[in-house]
Each structure stands twice: as C-alpha cells, then as structure tokens.
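Worksheet: the structure to be examined is printed underneath.
Labels run A, B, C, D, E and F following the written order; every chain starts at residue 1.
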Amino acid sequence: MLTHFDAKGDAHMVDVSGKAVTARTARAEGAVRMSPETLRLVTEGTAKKGDVLGVARLAGIMGAKRTADLIPLCHPLPVTSVSVELSPDATLPGVRIEATVKTTGQTGVEMEALTAVSTAALTVYDMLKAAQKDMEILGIRVMLKEGGKSGRYEAAP
Amino acid sequence: MLTHFDAKGDAHMVDVSGKAVTARTARAEGAVRMSPETLRLVTEGTAKKGDVLGVARLAGIMGAKRTADLIPLCHPLPVTSVSVELSPDATLPGVRIEATVKTTGQTGVEMEALTAVSTAALTVYDMLKAAQKDMEILGIRVMLKEGGKSGRYEAAP
Amino acid sequence: MLTHFDAKGDAHMVDVSGKAVTARTARAEGAVRMSPETLRLVTEGTAKKGDVLGVARLAGIMGAKRTADLIPLCHPLPVTSVSVELSPDATLPGVRIEATVKTTGQTGVEMEALTAVSTAALTVYDMLKAAQKDMEILGIRVMLKEGGKSGRYEAAP
Amino acid sequence: MLTHFDAKGDAHMVDVSGKAVTARTARAEGAVRMSPETLRLVTEGTAKKGDVLGVARLAGIMGAKRTADLIPLCHPLPVTSVSVELSPDATLPGVRIEATVKTTGQTGVEMEALTAVSTAALTVYDMLKAAQKDMEILGIRVMLKEGGKSGRYEAAP
Amino acid sequence: MLTHFDAKGDAHMVDVSGKAVTARTARAEGAVRMSPETLRLVTEGTAKKGDVLGVARLAGIMGAKRTADLIPLCHPLPVTSVSVELSPDATLPGVRIEATVKTTGQTGVEMEALTAVSTAALTVYDMLKAAQKDMEILGIRVMLKEGGKSGRYEAAP
Amino acid sequence: MLTHFDAKGDAHMVDVSGKAVTARTARAEGAVRMSPETLRLVTEGTAKKGDVLGVARLAGIMGAKRTADLIPLCHPLPVTSVSVELSPDATLPGVRIEATVKTTGQTGVEMEALTAVSTAALTVYDMLKAAQKDMEILGIRVMLKEGGKSGRYEAAP
C-alpha cells in the first residue's frame, strides 16, 4: 500500500524508471497567522521599509530546488518552473502563500510545491520573529496535481 | 523594528558579533492531519511494515542542520543537540511532531526547531501521499525559547 | 586512456553530450566488520531498542543523491530508483550492505551505487562507535553495471 | 549503550551541550586495491598526464567538510585543519589513503576523517574506472582519536 | 610561501587550530558593467517592476554562507554578520556591489566577502541577460580585512 | 522585458516547460590580475611545489554543478560536460580562465559557465592570498552561447 516501502517493509526510493516522461504541474498553499500589528509591518514594509514578502518568495523558489536534498525518498528532478505568491490577508490575519511548480519528468512535483510553501512560510516567520513570537504556520496542503498516470487531483475548496 | 532590514530598508543578516555566547534551547511543534485510515497505515507500519515515523524523524534531524541553507537571513551555527518526536494522535487524527534543538552560540535556535518540524511534516506527507492526497500540515509554532538576552519565551498552551 | 583527463593531462568532466539516453542500472556492495558483541547490539536493536540499519539505509539512499556534489568529475543525473539493503552477517561478523541505483540517462550510475554503500557504511560506524572503535569498512566494489555502450559488467563472485 | 538512541529507542543527535570545548584530532586510513597495470596509470599520471591523486586529495578535503550533511546524526562542526595523503603502494597493489582532521569543539572528528578517506577512495575509483572496473575499496578505519573526555585511542598496527 | 601547500607540495587545508579566536571583519567590492539601457531596467525596476538588486542582495548573503562548500581549502566558519549593498552607477554604467562579513573565529572572512560579491554579480547577470548578453563582471577585490595576527589590511582607493 | 519578473513585477523562475530540448553550449572567460612575483609562485608551483591551477580547475568544475544552488532563479539542469582551463599570462600579469559547459536541455548554460569561471577565480585568490592581498578578479563575461531558440551569440573579441 505504501509505495515507499518494499516487500520486507524497508524504506526505499520508488522505482520510476518505467514511468512515462510527461508534463507535470503541482500547486500547494499554506499560510502564516500573525497579529494585525505584525501584519501591518509586512504591508507597510513592502512599500517603504523592507520587503518581507520578496525575501520569502525567493526563499520559497530556492527551497523548491532543494526538495530532494531534504525529503529522504524524494526523486531529484530538474524543475522547469517555480513561482511563489505571497499575499497579505487581513481576515486571517496573516500572509497566504501559494506555490506552483512544473517539470517534464517521470514523477510528480507536489513535494516541490509543498517545500516551496513551507520554506517561504519559515522565512516569513524568521523575518518577523523580532516583532511576534507566537505566529503559526498552518494550512499547508496540495491544491492541484496533474500529469502522470494517476491523473488530475484537485483539492476541495 | 524589523531587525532583518537596515536603515535603508534593505534585507541583511543581523550582526550578532557583539552578542554573548550562551547556552540556547528552542522547542517547536506541528502536526499532519490525515484520515483515520491513513493514520492506521502509520501505526500498523511502525510495528510490522515500514517505519514512516522513523524516516520522518531522521529527515527532521537532518533538516535542522540545513536551516541556514534554506532561510536566507538565518545565521549558520553548529547545533549541539537535535531531537524530533513524532506521535500518532487518533483525536486529530494524524501525527504530532515536536523538535528540540540546542546550541552554545550567539543567536537562538528557534528557526532550527521550526525547520526540523517542517521537514519531518513534509516527509510524513511524502511517505503517505500514495494513500491520501488531502492531508494537511498545520499548527507549526515555537513552544519554548531560552538563553540569550531576550529571555525565556514559552507559548501559551 | 584515462577519460577524466584531456590531451594536455588536465582533469575535466567527460563530455557525454553525444551518448545515447538509455536505461542504466548499477549494483555495489560493501561491509562493516565488527565484534560479535557489537553486532549483537545491531541485531537486538532492530527488534527492540534503536534501528541502526534503518538509519544507515536512509543515509545510503540520501548519499546516492549527493554523489555529484562529492565526486569532483561525476556528472549530475536524476536517479530514478535507489534501494539499499543492510543485513547482519554473523560469519563476518558484521553488516553487509548492497545498493542498487537506476537512471535513464547518458552515463552510468556505479558511482551513485558506491556512494550509497559508502555512506551507509560510515553511518553504521557512526552509530556504533560508542561501543567499538576498531570496526573496519571493507569490500566496497561494483557488482553489476548495465545499460550504455560499454555493455554489461558483472563482478566475479 | 548506543548513544544515538534515546530511552525509547528512537534515533537522535546526542546532546553534547555540556561537553568541554577541547582540541580534538582524528586520523583515519583506507585503500583502493587495483591491478598493477591500473596503478601504473596513477604513478605515471602524476608525473606527466593527469593527476589522479591530486584530484582525490581535494575531494577528500572537501568531503570532510560535508560530513554532517551525509551522516544523519553527526554534529556539524567547523574543522580547523584537514589533510589527506594518497600514496601508491606496489605491494597492495593500489593506493593508500590517510586523512587527519582537527577541530576545537565539543565532539570528536573521527567521522570527518573517515568521510575524507571514503570520499578520496570513491574519487580514485571514479577516475580509474575506465581502465578497471573490479577495483576494491578496503581497510577504512580510525587510526587515532584524541581530545575529549573519552581519552586517546590508537588503533593496533 | 604558499600556505595551502605542505612541505611536499600537496594541497591541504591550513591548520588554524593554534590561532586565537578574535573578531574578524572583511569588506570586498566588485561591479557589473552594462549598457545605459540595461541599467535603466534596473533603476526603473526597483521602483515599479521587479527588484533586480533585491534578488541579487539575497543571493550574495546566501552565497557568503556557501563559501566553504565552493572554495576547496577554505575553512568552514559560522559568520555572525553579512550585508551586501548594490548601487546603480550611471558613470560605469552598471551596478556596484559591496559586501561586509564578520565572524568571531580563528581565520579571516575575506573569502566570504569575495564570494558574496561574486554571487551577487552573477545574479545581476542572470536577471538581466535577456536584455543584454555582453555585460561584464569586474573589479572584484578585498577592500578591508581586520582582526587576527596579520593585522589590518586596507586597499589603496 | 525582464523575463525573471512576472506581470506584477514579482521575481519567479521562468517557465521553460514549453521549450525544446536541444544541445546547448556556453563558454565564459575571466581573469585574476596579480603581481609578477605572485604569478611566479603559480608558474613555478605547477612544476615543483603546489598546483594552484589544478586546484582552481577542480573548484571551477564543481562550482558549475552548484549553479542552481547559488543563483536564485536559475533552473537546475544536469550538465553533460564541463571543462575549465587556466593559463598564466605574463602580460596581464595574472591567470586567465576559460570554462566551457554543455547540456542537453530546455535552457542555456551560460550561468554555469560564468559560475565555473567565478569559482575558479575565487579559488586562485584563496590559494595566493598569503602572498598578495590586492589581486583583482576581472573580465568575467560570456564568450559563446549556442543551442536553443535565441540562436548563437558570440562575443566581440
């Protein structure tokens, strides 16, 4: 049932040698919840002090490229596109993060999209922790996965 | 206000050269929510098939060591202790993760603890994604931070 | 004669641009020799205390993915499968390690298989060194290499 | 007994926070066995074609710096000295490797010395594999470890 | 004379075990020369389209942390401060880069400062190469080095 | 105009999913200027003491493989050939560096060639800095880029 274990129950990297090389896309989302005061530092910052969201966007993009280094049984693969969007949301209150990753390969890129979101969220925390320590990272999940034999998956809204 | 930006608003790595070298500890937590069926694969797996929690624990420990590679403005520092605990929780339902990191240095290790939790959570997702795609990573936050000038911080329960 | 040197005798990464993209497999083996008492810690550990072989297996799989970072003239390539087996052997006495790596590419993966074995062996040493310092890593060699123009190579038993 | 496991048997990075910062040295050795014809390529190469031993020496030094990336439960530490010696040995026949690593820290550097030897040996294999596939890496062990509470260890000759 | 070679002429990492732990600072500079049209994309970009200088600043800071991974005989050391400034200069025309790095350790940080400048310069090139291919990276040099036994060095203006 | 920014002006990794997989080559050059006395250490060193150029050549080749780790928006891609040439030039005086990189992929390799030159130049500086601190890295630029839709680019001599 769990593909990352062989018949004896030992962990291994799944053999994808026989899978077709197809175009694959994945999108993931997540958020960092913070106080309205901290969020104000972010939104004002973009305009005139420092660019919290810009730094976190870069970190997310670079994080996607490190996925196979971090996740033990993840296949290394050359991603062909990574974009990360961060948007302040006063109703959370906090920052919403969405990452989209593409490749042409033998295995999906949802781990790359999740790692991008996760790294961007950690970076948001790092840049704001001097102002607030009890922020929370939440709601990290896969929104879309397409390409490959298992077909299209889209999360419930 | 935000220490990661200088007077002009440009991002930089905070200068900690003048800070005292002290013993520092941080503890962070987080969770992966999944269906009861998926959780059963984890709990049965530990006993007789594959060891999802063991692989995620290792990934979390190794992730803590990569923190300064991932978080752009984070100081590199030689951690002296990392432990990561993962425990199934039927009431979530899912897996709870807690990481504790120590160092003797000039800056805190809460980013290392958060990165350990985050990497372990991503690994849990990776190992179970063949069974369930709509798992969610949530509740990643700092529980304890001590050592250094800013004093002890403990999260509300 | 040595392909890693050019006509002037300078080291370079061999140009494989013109080679065919084919399915390639390599298998390597090695061992860690230890006292019967130390081996007992491993075999009992798997059952009820800590899982030395499970940690070393993960390290070997992750090590295979770092091969091109470690070996200066090795081509980076996206491996499609890595498995590492560790088995206690009372006649050695010690732990035997075997790694199998696959890719679809322009160059072989025997260095990845050897690096997996080597990293797993180092990890076995690390985890047991508190009990015994004079363990020895030995017998690391390529057992099988297939795919590519140079044909199938199988080691003498 | 095995320090890399906690009371429950879970793997963790040993807490060295309370250990003294002392000068520490470790020396490890190993070898690559090959045919006399292959060894001749090395010894002649050093003089006039390519420099197999020089490339492997560099790889060994750089490998020592990657130890904590490769060995899951190894502490990261800033090494203060690494030297790697490779010498042809016609009686093996093959290449003997010796690495010495120093640090001033809270934990020993025998894993760094072993990783240096191991990486250098893999590099020797990589550079000569076009000439001979059945070379063997053998005899990797710690020769000397000093500094720290556990005292001086020297291997039997 | 060259400290990176031992008595036999073999490359090694210099032994700094016996050197004093002192506060050390280094500053390096460099530039990327481009056409006035390309420079205009940078200066207008900062204000309203994309932030070339912000991305390059981050890359420079992260590059400083990778120095010991890139430069074979460089000692790994935990930097305590990195700042990178990029400023458009119409008289070049192009972008001037200055990096300042600090540590408290046994060896200098001029390689970290040079690597920060160099990585920032490469990133400027990468982000502007769609507009101009014949940009040039130039004038990378150490401006200041202080701390340690060899005393203060300041470049001629 | 600048492809690394999307319609809103946010940095992203350009989507190359739709581009053709073609053979691509890039060549870059650069230099390190030094005093005639320092250059003499290099040229004599090659013959009888240490091999500055050999170490820098290796560093350049390995640096090319780290390009996507260093340059935030650069696509990871498996290079199929890297060669780096370093030659003493008494008229500079100093060391000239040229790197050629190839791949079969969806995006060019000029960043890999520039990173190889840049890393080799930094390594030359590192190895000679005990003799001269005011060396300068200069003239890093792309000489040739071919393959892919944008056609052949060759620098003016």
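Note that in this section a contact is a pair of C-beta atoms (placed from the backbone, for glycine too) under 8 Å apart; a residue touches a chain by one contact, two chains touch by 3 or more.
Protein names from UniProt, one per chain: A, B, C, D, E, F = Cyclic pyranopterin monophosphate synthase.
Computed from a predicted model, the values in this text were never measured in an experiment.
Visitor: Treat touching chains as neighbours: how many steps, at the fewest, connect chain E to chain F?
Guide: 1
Visitor: Spell out the chains that contact chain A while also contacting chain C.
Guide: Chains touching both chain A and chain C: B, F.
Visitor: Identify the chain pair with more contacting C-beta pairs: D-F or C-D.
Guide: Between the two chain pairs, C-D has more contacting C-beta pairs.
Visitor: Suppose you list every residue number at the chain C-chain F interface; are over half of them used by both chains (same) or under half (different)?
Guide: Mostly different residues.
Visitor: Determine the centre-to-centre distance between chain A and chain B, using the mean Cα coordinates as centres, and give it in whole Å.
Guide: Roughly 16 Å separates the two chain centres.
Visitor: Report the inter-centroid distance (CA atoms only) between chain B and chain C in whole Å.
Guide: 30
Visitor: Just give me the whole-number Å value for how far the CA centre of chain B lies from that of chain E.
Guide: The computed centroid separation for chain B versus chain E comes out at 31 Å.
Visitor: Where in chain E do residues touch two or more other chains at once?
Guide: Residue numbers touching two or more other chains: 10-11, 51, 54-55, 58, 62, 66, 69, 72-73, 78.
Visitor: Is the way these chains touch best called a line, a ring, a star, complete, or other?
Guide: Shape = other; not a path, cycle, star or full graph.
Visitor: Between which chains does touch occur?
Guide: Every pair of chains in contact is listed here: A-B, A-C, A-E, A-F, B-C, B-D, B-E, C-D, C-F, D-E, D-F, E-F.
Visitor: Looking at the complex, which residues from chain A come into contact with chain C?
Guide: Per the touch definition, chain A meets chain C at residues 6, 10-17, 68-69, 72-73, 75-78, 105-106.
Visitor: Using the touch definition up top, name the residues of chain C that touch chain B in the complex.
Guide: Answer in residue numbers: 51, 54-55, 58, 62.
Visitor: Please name which positions on chain D make contact with chain C in the complex.
Guide: Contacts found on chain D: 1-5, 9-11, 30, 41, 45, 48-52, 55, 58-59, 62-63, 66, 69-74, 110-111, 114-115, 118-119, 121-123, 125-131, 133-142, 145, 153, 155-156.
Visitor: Over in the complex, which chain E residues touch chain B? Could you list them?
Guide: So the residues of chain E in touch with chain B come to 23, 54, 57-58, 61-62, 65-66, 78-85, 102-104.
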